[in-house]
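Heads up, there are several structures right after this.
After this come two complexes, each holding subunit A, first together with subunit B and then together with subunit C.
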Partner chain A sequence: MAERRSPAAAFAARFEAASAGGGPRLAEIPFLTQIDLRVDPKSPAAERIGTAIGVPLPLEPGTAVRGGDLTVLWLGPDEWLLLGPDGAAPGLVERLTEAAAGEPVSVVDVSAQRTTLVVAGERARDVLAHGCALDLHPRVFGPGRCAQTTLARAGVVLVAGEDGFRMLVRSSFAAYVAEWLLDASLEYVTPPAGEAAPA
Partner chain B sequence: MSGQPYRREGATGRVLRFRFDGQEYEGLEGDTLASALLANGVRAVASSIRLGRPRGVYAAGCEEPNALVQIEEPFPEPMLQATTVELYDGLVATGLPGQGRLADRPDPARYDAVHAHCDVLVVGAGPAGIAAAGVAARAGARVILADERPEPGGSLLGTAETLDGRPGREWAAGEVAALAALPEARVLGRTTVLGHYDDNYVIAVERRTNHLGAAAPAEMARERVWRIRAKRVVLATGGHERFVAFAGNDLPGVMLAGAARTYANRHRVLPGRRAVVFTTNDSAYAAALDLADAGVEIAAIADVRQAPGEAWAARCAERGIEVLTGHVVTAARGEGEVSSVETAPRSKTQGAGGETREIPADLLLVSGGWSPVVHLFSQSGGTLRYDEGLGAFTPGEARQAVEAAGFARGVTTLRGCLEDGAEAGRRALSAAGLAVPSEIAVPAVGEEPPAAPAEHLWLVESGDYGTHFVDLQRDVTVGEVLRAVGAGLSSVEHVKRYTTAGTAHDQGKTSGLLTSGVVAHALGVEVAELGTTTFRAPYTPVSFAALAGRDRGPLHDPVRVTAMHEWHVARGALFENVGQWKRPWYYPRPGEDPGEDMEAAVLRECRAAREDVAAMDASTLGKIDVVGPDAAVFLDRLYTNMMSTLRAGSIRYGVMCRADGMVFDDGTVIRLADDRFLVTTTTGNAAAVLDWMEEWLQTEWPDLRVHCTSVTEQWATVALVGPRSREVLARLAPGLAVDNDSFPFMTWRDTEVAGIEARVCRISFSGELAYEINVSSWSGLALWEAVMASGEVTPYGTETMHVLRAEKGFPIVGQDTDGTVTPQDLGMEWIVSKKKADFVGKRSFARADTSRPDRKHLVGLLPEDPGVLLPEGAHLVATSSLPEPPVPTLGFVTSSYRSAALGRTFALALVSGGRERAGERLYAPVGADLVPVTVTSHVLYDPEGARRDG
Partner chain C sequence: MLLIPCPWCGPRDEAEFHYGGQAHVAYPEDPAALSDEEWARYLFFRDNPKGLFAERWSHTAGCRRWFNAVRDTATNEIHAVYRVGEPRPVIA
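The block that comes next holds the complex of A and B.
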């Protein structure tokens, strides 16, 4: 198989350098499986799909559930995004299609449509707060929450985890978002000498 | 302190050196530029904008109307108030006559913005604010406490009051430090809240390194915009002191009494040696006594009231300070600064008897009363009401979850402010659903004498109002306000616009109410009836750099790139912006000058595509998966042509129109299965087409069982074009039968290309034999490199693509169309179905207007001189000389190129009745010339379509 290259591959070294200082941790998780699923949540197909993937589709807006190596994100009243490990797409598409059993369900492999960036560590929230208008406080957006929102001027899907956030970014925007994150992290990566304590 | 003659003994702090108006000075750490200038005896800081009168420091904060300065070093900044510029080593500044100069070079500093959320935002870290924030934060609420000054304390910084036995400044610092240590509390010093919008959305600017001058760390944002969304807002914004209009009230040496008190207490600077105090209320007595304690001789207190507060009068008597009751200051006099003050009984100014006195003094302290800072409350939609006791407007009804506390609400005592703040904190807690503590300790404070009522005096009556200033920065006098009223203006908003009073950088903080007062006086009405002018954001001036933040340079707008972008860059491609995408424009070769030789490069790329084999990165085209049992019906309704008859495995070109029948987008439709299509859109319209589809599905046809999913970036696409493209594809895809019968035009095949899973479509946007190879975008670069590896394939960019398609008369939506063009206008009658019952736009084709014979049609143009390239946008006229304007235009050029295949220039144009004009000569006015052109068919190359099968 010919070599694959992930959308933020060129940033690996800079992400690593920025993450070395104990401030924010930035990284790309390349090649994750992502399947966009559209189905009527009240249909038998939705229930069968839940059974097939081992976890019911979350119905509460802005929530994510885990089942095995899958994470299911609520994107809309009839739309979910299934995240899985690299290489899981063909099998997953098959399982979903089978479970749909002829009902009007849309299953689309969008694994390469977005890449996954990790913003974690001590200052993850601070970095994101520079460009994301959502309240990311753990009381509001703790593990298990997800949202379609914007970071700076790019649309992203943001997923809260135990240690920071995963951010799904359109491939063509990956370089912009990566540059933006590195720039936003500047102040947290190099502790400024002689910073005056807030009054 | 010999270098600082007005500095009090006992001042401590590091010595800082600075330059002002070319003169070297020393100041102390903790100084503002204003306090440092006063310490050095600098009285005239600036000159006034219209009259050129000398002006000195008038206030001690952001209400300063006079002392505007320009920072020269370390980086030029115009129009700052000397009272808010913190002194640092190496500061170079000059006084300004009202207007500053923008920097002549890019600002090297970093600026950023941050979003924040909280249960309660407290604005102002004075006694009320600290109390409110403390109660809320200690009970676990998410609290932001923002204060504009370098240190907390608010009014306590200027007074000598004690709380729990500690000096106010120390108490405030301790409380706020404890607050900042709480996990859910955030203290923002040097942060001015500028705007208060709906839903308690609040904008503030934090000045983070401005005070460090050249020592500011480069990676730290100099200023930060805070975008705060607060469940509840407590405005503990305190008050601003007003002055009174009298003759010469703008002379350096005239100063607000509270400001003088701040300079003496906070900065240990004497603003003068011998002072007269002019007041309408008790507050100036505290200032006078503090200044007397500091060593200023108080020559007299002129109190407009007959009965000042008894306790204050007694204290003055103890110190031998003369109190002139029922007196006003009629004039401040001096050459360039105050040298004497004229007082008189108020009765005399009103035409009765009385003696005037001329009192030598270098300082005149004025207090015309205090106005609560209601700016943010008013911005938030709250109403204001006039408080007779204060002689000022205070918050009335709130429109949002916001309340004022402390003096901002009209509470005048320290104890009252502390208690009021604590109550506001409790209310914030209960609003946030948190437990409210039953007992809240308020710090012990000294007993304050009971206040005597103030008397509200706006102006000292006189026969000549030429130097009775109301707005010092705008040089507006009582005389001008009276002229406005005399001209018939009775609204303070109109007077503001007529006189410009209140429109300067300070937005009338000291002058707004005074102007209203003078208008009320002239009209013989109450100030309460007139109200105030509108309070608008920003509360204080904000730099454009802060507002721009990091949205500059490469981060100004996203740059979208394809999976092959790195290759294009390495190969030296020049790029064209298509929406947010960077697309390779053309690839200059060694020996071709990238800037100069675009023409040579494009002719070369065109020849390769027409005569050999060439490839383009076509990944940016929008792609949408349309899935569901009703997908075919849905596409039939959106496209003008029939899509439901397309067989799985085949491809059809389609055009979409808006309801008005005008072309909206075009692209190909690939049928993947009975219930599954892949639709492509133009690069720039990808999002718009998806929105369009969703709009119809969600609002008009919710019964259709169809889902649309964007897959634009799931796929990377290489267009392989030219007579030899089949040969190259055959080598790359040995498993694919590429002959014309096995793989005909407008079909697609799944196969492996260069070992990569691929979907190959036989589509042509050039008229040549061509393929579009689609792979996962992860493998886009690998595919591109494999295509390029043989060295036979010429990469080409968007310019060549444009030439090739124009030679074939293929329109580009948005270039050859502009929202007024039907498919029929484009010569594409064939794509509008006559069979379908309905589709979006169909009804419009029955309108008389869409079949007018003089509609503009897409035609080809051949300049008579085959070397002349028409500019795109050039108009076309029928006559060889221009008539008198208005010149009737027949249309305009939409595309214009040099063609390698035609060996000449050509153009596409939209021309009125164009198809009937084939062979006609028209003229394109270009500069002074009229260039003759011949109208021809828009299909100029291979009109019979012989080349598409190779």
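The block that comes next holds the complex of A and C.
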């Protein structure tokens, strides 16, 4: 089997240093399962899929629901992204295809398309606000909300959680977004004693 | 920057959108029967009003859906957004 390398693996040490220095908690969650699902929400297939994955597809724009170890993100009026743990893809695709039962439903494993970055802690909102025009206040964008938008001009899917955000970034943009996040958090990071503050 | 209210996602920055020109330009019923001039009119001739204009937008960095908006070309105020297939709303 070929060796797997996550798109932001090279940033692990710098993420850790920034997190330890009082900045936002930055990390990568590599290899999450991502399944893109397109189905008419009014069709019986959508209902069967809801039953099969144990949670109904969210119909309100910009919402995410959790069911077991799955998170279902609303991407469009007939499009959802299913997030699951590493290795869940084959079984999930099979369950979804079975529930579709020949109806016009599209199920595509897009796990390799994006990686997941975590921006958490009390400074998370401040850091994202450097490059994202959305109102991220918990009153508007609290847990259970998700959005496709741009962060520093890179397309991202933002998912709000209890303690911060998970951010799905295209693999080819991961290094850019990681560099940008580190740069944006610089002002919140206290350098270790004895080192000069970054210029 | 314009703040464009996507009918699905709510207000977002103009930079997330892609412009699609005049809305409600119907495809000719029998394109083969058109003269060159009529075909050229269908392809290239668009209204250019100063004032209310119904136009298509696509929320490319968000839900990736096309929708229509009525925008005042003189003030850039967006008076209405509506989904594809819905009739143009009457604005007093």
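Note that in this section the second predicted complex is superposed on the first by the 190 of 199 C-alpha atoms of A that agree within 3 Å, B and C clash if a C-alpha of one lies under 4 Å from a C-alpha of the other, contacts with A are read in each partner's own complex, and residues count from 1 in each chain.
Definition applied: a residue touches a chain if its C-beta (ideal position, glycine included) is under 8 Å from a C-beta of that chain, and two chains touch if they have at least 3 such contacts.
Just so we're clear, the structure is a prediction, and the values are computed from it rather than from any experiment.
In the superposed model, A:Ala133 makes contact with both subunit B and subunit C.
With both structures placed on the common chain, the touch criterion links A:Glu3 to subunit B but leaves subunit C unconnected.
Once the two complexes are overlaid on the shared chain, A:Pro77 sits against subunit C while remaining clear of subunit B.
Of the two partner chains placed around the shared chain by superposition, subunit B is the only one that A:Asp36 touches, whereas subunit C remains out of contact.
When both complexes are overlaid on chain A, the residue A:Pro104 reaches subunit B alone and has no touch with subunit C.
More residues of subunit A are touched by B (comparison of subunit B with subunit C).
The contact surfaces that subunit B and subunit C form on subunit A in the two complexes overlap at residues 133-134, 153.
Touching subunit C in their complex are the following residues of subunit A: 61-62, 75-77, 79, 133-134, 147-150, 153, 155.
Remark: subunit C residues 8-10, 12-13, 15-16, 61-65 touch subunit A in the complex. By the touch rule above, subunit B contacts subunit A in their complex via residues 110, 112-117, 125, 142, 147, 149-152, 176, 180, 187-190, 211-212, 215, 217, 219-221, 227, 229, 550-551, 554-555, 557-563, 565-566, 581, 620, 625, 627-629, 705, 707, 709-715, 754-756, 776-783, 786. Partner subunit B is touched in their complex by these residues of subunit A: 1-7, 10, 30-31, 36, 38, 104, 106-114, 126, 129-135, 137, 139-140, 152-154, 170-173, 175-177, 179-180, 183-184, 186-187, 189-190, 192-196, 198-199.
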